[in-house]
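Presented sequentially are two complexes of chain A, the first with chain B as partner and the second with chain C.
This part shows the complex of A and B:
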C-alpha cells in the first residue's frame, strides 16, 4: 500500500508540474503587456519598465519560467496588484469555503446517487428503475447555475425555508450548514445522476459475476450479498469517477458562489478577473489545480485501500 | 434412501420466441455416499439442472412439473425462498467451474470462509479455526496466513481447492461439483479429483459430479447419467454404461473420447450436427437427427427401456441394439 501511495504521489507531482508549464504558456501567450494592464492607461513608459523589471518580464523566457516554477513550488505565487499581499494568503483565505462547498456537493451526490443506483439495479426493469433512469438523465442535463438560480428562487425567495446569500455567521456551525444546503445542492445535483447511473451499471455487472453465484450457492442472505459482496466492488468505479468529477464541481462552485454571494475561490477568481488582478487569477487557478490533483490522489488511494487487486498491481 | 431423487422434472424458460423446454422428464437418483457423474455436451441442460436443484433458476425459468426430493423429506421445488436458502451451504453445497471468478475479489479468503458460517453461533475465532482446518485438509500451504490473503494471490489450482474447502466446510449431505477441474491443467486435474474422492469418503457426503471428461467420470464416479438436449438419455453404473452403452448417443460419445483412440489419426471422431432447437422439440427422439441408427421408431416419443439392474436408456431400440451388440 505504501509503495502504491508513493508511486501515485510521484505521478501527482508530475501532473502538477505539467499543469504549471501549461499555465505559464497560457499567461505568456495571452496578448497584451501585463505591466501596462496592471498600471492602467495613464502610466508612463518608465513606470511600466520599472514594473516589468520588478515582475521579471525583462528576463529571457526560460528564466521567467524557472522563476514562476520554483516560486510556485515554494509557495510564492506573487503579490496581489492592489494591496501587495501574497497571493497564496489571499487564496488560502477563501479556499476553506470552496472545499466545504465541494464536500457538500459530494455528500449530496453520494448520499442520493449510490442508494438510487443500487435500488435501480436490484429492481432492474421495474417502474422505479426506469424512473431513476429518466431522473438521472434529467439532472445531468441541467447546468449547475440553473439549479442554483431555481433553488434560490424556490427555497429561499418563495418558500423562505433557507437563507439566500452568504456563508453564515462565522463560528456558528449550524448557521453555516444551513447556508451550505442550497449551494452544495447546486454543485452536487448533476452528480447524483452520474453516480446513480454508474452504480446501477456496475452493480448489474457485478451481480452477474460468478462469485455472486457462489455466494448465493452458500445461502448467504440477500442483504449480505448486495451490500458486502456486490456493492463493495460496484462502488470502485464510482470513486474514481468522483475524483474526476471534483474538477467539474470546482467549476460549478464558481457559479454557485456568484449566485449565492458566498465567499470562495470561485468568487475570488471572478472578482479578480473583473479587476484585472492577474496574479490572483493565476494563483487561484494553480491552487485549484493542486487541490484537484490531490483529491484525485485521495480517490485513487481509497480505491487502492478497498480493492486488493489494485494495491498489488503497483 | 437416496440423498437426491429427481423424477419427472420439467423446466421451461420463457423467451421472446416462446417457451423453451430446457429439461424434459429428467429423472435420476443420487444414492447416499455415492458419486454420480452427469455427462453431456455443452447446452445439454447441466447448468439448468444445477440451478433447478439449488433454486437459483433465472427469473424467466420455471419448474413446471416434477419432484426434486432431498434426503427423502425436502421437496425442493416446494420450499420457500428462505427454507431453500437455509439448505444451500450447510446441506447442499456447490463447487463451480471457474476457480478464477468463483471467489469474491475484494474479500479475503478468511472473511469469505467465516461469512458462510454465519448460521453458526461459534465465535469468530472458532470459525476462523474451522476455516484453517479445512484449508489444511485441502493442502493449502501455510493455511493460517492464507486466511488473510485475497483470491488473486492464489494460483488457479489453489483457488479451486479453497472453493472445495469452502463447499465441504459445513459437511453437506450433497456436494454439487460443476466441472470443477475443467479449467485446470491435466496434473492439477488428477490431484483435485483424488482430493475430492478422499474428502468425500471422510465426510461421507454424496456427490453430483458434472463433467464432459469421460475419463474423469470413469475414474471418480459410481453411477453416471448421460444427458442430451435436456433429457436423460441413459443412466446406470459407470461399469454398465461404459461397457454396454444402451443409447446410440452414449456410444457415439464414448467413441469420441480421444483417450480411446488406439491408432494415430489426423481426424478425431466427432458427432456431426447440433443440439435441436429446444423451443421446438421434435415429437420423437431428440437425438434422431444426428443418430446413425435411425429406425422407424425414431419419430415416436421415446420410452425409457430397462436394460438390467439400475441401467436404463431412453431409446425405443435400446433393447434390440444392445442385444445385437452383445450377440455380435
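This part shows the complex of A and C:
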C-alpha cells in the first residue's frame, strides 16, 4: 500500500507540475503581451514597460518559467495588479465560500440521489424504476447554469420563497443557509442523477450477495435488510464517485456564484477577467487545479486501500 | 473477388438496420430523436420559419412580451427572440459538429501514437493527458479566454482541449489491446508498414465505440458553448447564441422573464434530446459501453 501511495503521490506532483507548465505556456507563449492585456488598451508604453519589469517579463523565458514554477510550488502566485496583495491570500479569502457551496451541492445530491437509487433498485423493472432512470439522465444532461437561472426565476423572483442574491448576513448562520439553498441545488442537481444511477447499480449487485440471502432466510424484515445490510455496502462506490464529482462541481460553482452574486473563487476569477487582473486568474486556476488533483489522489488512495487489485495494476 | 463472396449479404449494413429498428422500438430513443430533429429542423430552416432578422435592432418594440407578431417576445434591443433562438441553434450545432470532428481526429492520431509508439512516449503522453484533464472545465475556459479574447474559435478550442485527452486515452487503450493480436502480428510478419497497420487493422476496430462516446458528449459540447456565451466568453454580439440570450434575460430577469425562458428552453431541449438519443444508441449498438 505504501508503495502504491508513494507512486500515486509522485504522479500527482508530476501532474501539477505539468499543469503549471501548460498554464505558463498558455500565458507567455500565446500571442499577446500580458502587460498590455493587464493594463488595457489605453495604457502608455512607459506604463507597460514598468509593469513588464515588475512582472519579470523582461527576463529570458527560462528565467521567467523558473520564477513562476518555483514561486508556485512555494505558494507565491504573484501579486494583484492594482492593490499589490499576494494572490494566494486573495484566493484563500474566497475559497471557503466556494467550498461551502460545493458541500451544499453534495448534500443535495446525496440526500436525493441515495434514496432515489435505493428505491429504484428495490422496485427493479417497475414504472418507478424507469422514471428514476429517465430523471437521472435528464438532470445530468441539463447544464447547471440553466438550472441556476430557472431556479432563480421560479423560487426567488416569481414565488419569492428564497433570496436571490448574496451569501447572507455574516455571522447569521440561518440566513446564510437560506441563501445557500438555491445555488447549492444548481450545483448539486446533476449529481443527484449520477448518484442515483450508481447507488441503483451497486444495490442491485449487493442484493444478489449471499449475506443478503442469508438475512432473508433468517426472516429479517425487508426494511432492515435493505437499509442495514445492503445499503451500507452499496454506498461505498459512491464515495469515490464524489471525489470526481467535487472537481466538476467546481465548474458548476462558477456559474452558481455569478448567477446568485455570491462571493467565491468562480466569481473572483470572472471579475478578475473583466478587470484584467491577470495574476489572480492564473493563481485561482492553479489553486483549483491543485484541489482537483488532490481530491482525485484521495479518492484513488481510498479505492487502493479497499481494493488490492487497483494497487497491483498501477 | 469470388462469386460466393460477392453474393454474400453485407453484414455491416443489415446490422445497422437491425440496430435502427431496435432504436425505433425504444420510446426514449424515439423521443430523443424527435427532439434532435426538431432542433436541426429549426436551425436549418431558420430563415423560412420566421420573417425577422435575428440581429435587426428595433428600439420601438423593446421588451415586448410574447404576441402574435413576436411569438417569443423581443429582447432589450427589440430583436425578435424566436429568430434569435432559431439562429442560435445554428451556432450550437456548428460548434458541436466542428469541435467534435476535430477532437475525434486529434484524439485518434494522438491515441494511435501513444498506443503504438515507444513506451516512454506513451508514458509521457498519458501524463500530459492527465494534466490537461486536471483543469476544471470552466477554469480552463476562463484562463484561455483571458488570452485569446472571447470568440467562437476560443469556444471550439476549449471543447477540443476538454475532449481530446479522453478520446486519446480510449484509442490508446484499444490500440494496446489490439496491437498484440494475431492479425496484427500476421500483418507485421507479412511486411506491412506501420502506417498501413494503423490505418487498415487498428483504426477500424477503434473508431466504432469512440464515435458513440463522442455522440454522447455532444450535450456537454453544447453546454460549453452556451455556458461560455452566457459568461460573455463565447460568440460576440450581435451573433445570436442560446447562452447570450440567456445572459440578456438574466440581466432583466425580474422585469422580463420571457427572455431568460426563451434562452433556456432550447438548451434544455437540445441537451435532453441528444442525451436520450445517445443513451439509447449506446445500449442498442454496444451494450458493453453501458455505464460509461
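Keep this in mind: the second predicted complex is superposed on the first by the 249 of 314 C-alpha atoms of A that agree within 3 Å, B and C clash if a C-alpha of one lies under 4 Å from a C-alpha of the other, contacts with A are read in each partner's own complex, and residues count from 1 in each chain.
FYI, a residue touches a chain if its C-beta (ideal position, glycine included) is under 8 Å from a C-beta of that chain, and two chains touch if they have at least 3 such contacts.
All of these numbers come straight from a predicted model, not from anything done at the bench.
Of the two partner chains, chain C is the only one touched by A:288; chain B is not. With both structures placed on the common chain, the touch criterion links A:229 to chain B but leaves chain C unconnected.
Touch criterion met: A:145 reaches chain C, while chain B stays clear of it.
By the touch criterion defined above, A:221 reaches chain B but does not reach chain C.
When the two complexes are overlaid on their common chain A, residue A:7 makes contact with neither chain B nor chain C.
By the touch criterion stated above, A:54 is placed in contact with neither chain B nor chain C. Set against each other, chain B and chain C touch different numbers of residues in chain A, with C touching more. Contacts of A:85 after superposition on the shared chain: neither chain B nor chain C is touched. Judged by the document's definition of touching, no chain A residue lies at the interface with chain B and also at the interface with chain C. Listing the residues of chain B that touch chain A in their complex gives 54, 56, 85-90, 93-94, 96, 98, 101-108, 115-116, 118, 150, 152-153, 163, 166. Against chain B, the residues of chain A that register as touching in their complex are 209-211, 213-221, 224, 228-229, 232-233, 306-309, 312. Touching chain A in their complex are the following residues of chain C: 28, 127-128, 130-132, 134-140, 142-148, 219, 223, 226-227, 230-231, 233, 246, 249-250, 253-254, 257, 260-261, 264, 267-268, 271-272, 274-276, 279, 291. Those residues of chain A that touch chain C in the complex are listed here as 11, 14-16, 18-19, 22-23, 26-27, 30, 32, 37, 134, 137-138, 140-143, 145-146, 149-150, 152-153, 157-158, 201, 247-248, 250-251, 254-255, 258-259, 266, 269-270, 273, 278, 281-282, 284-285, 288-289, 292-293, 296.
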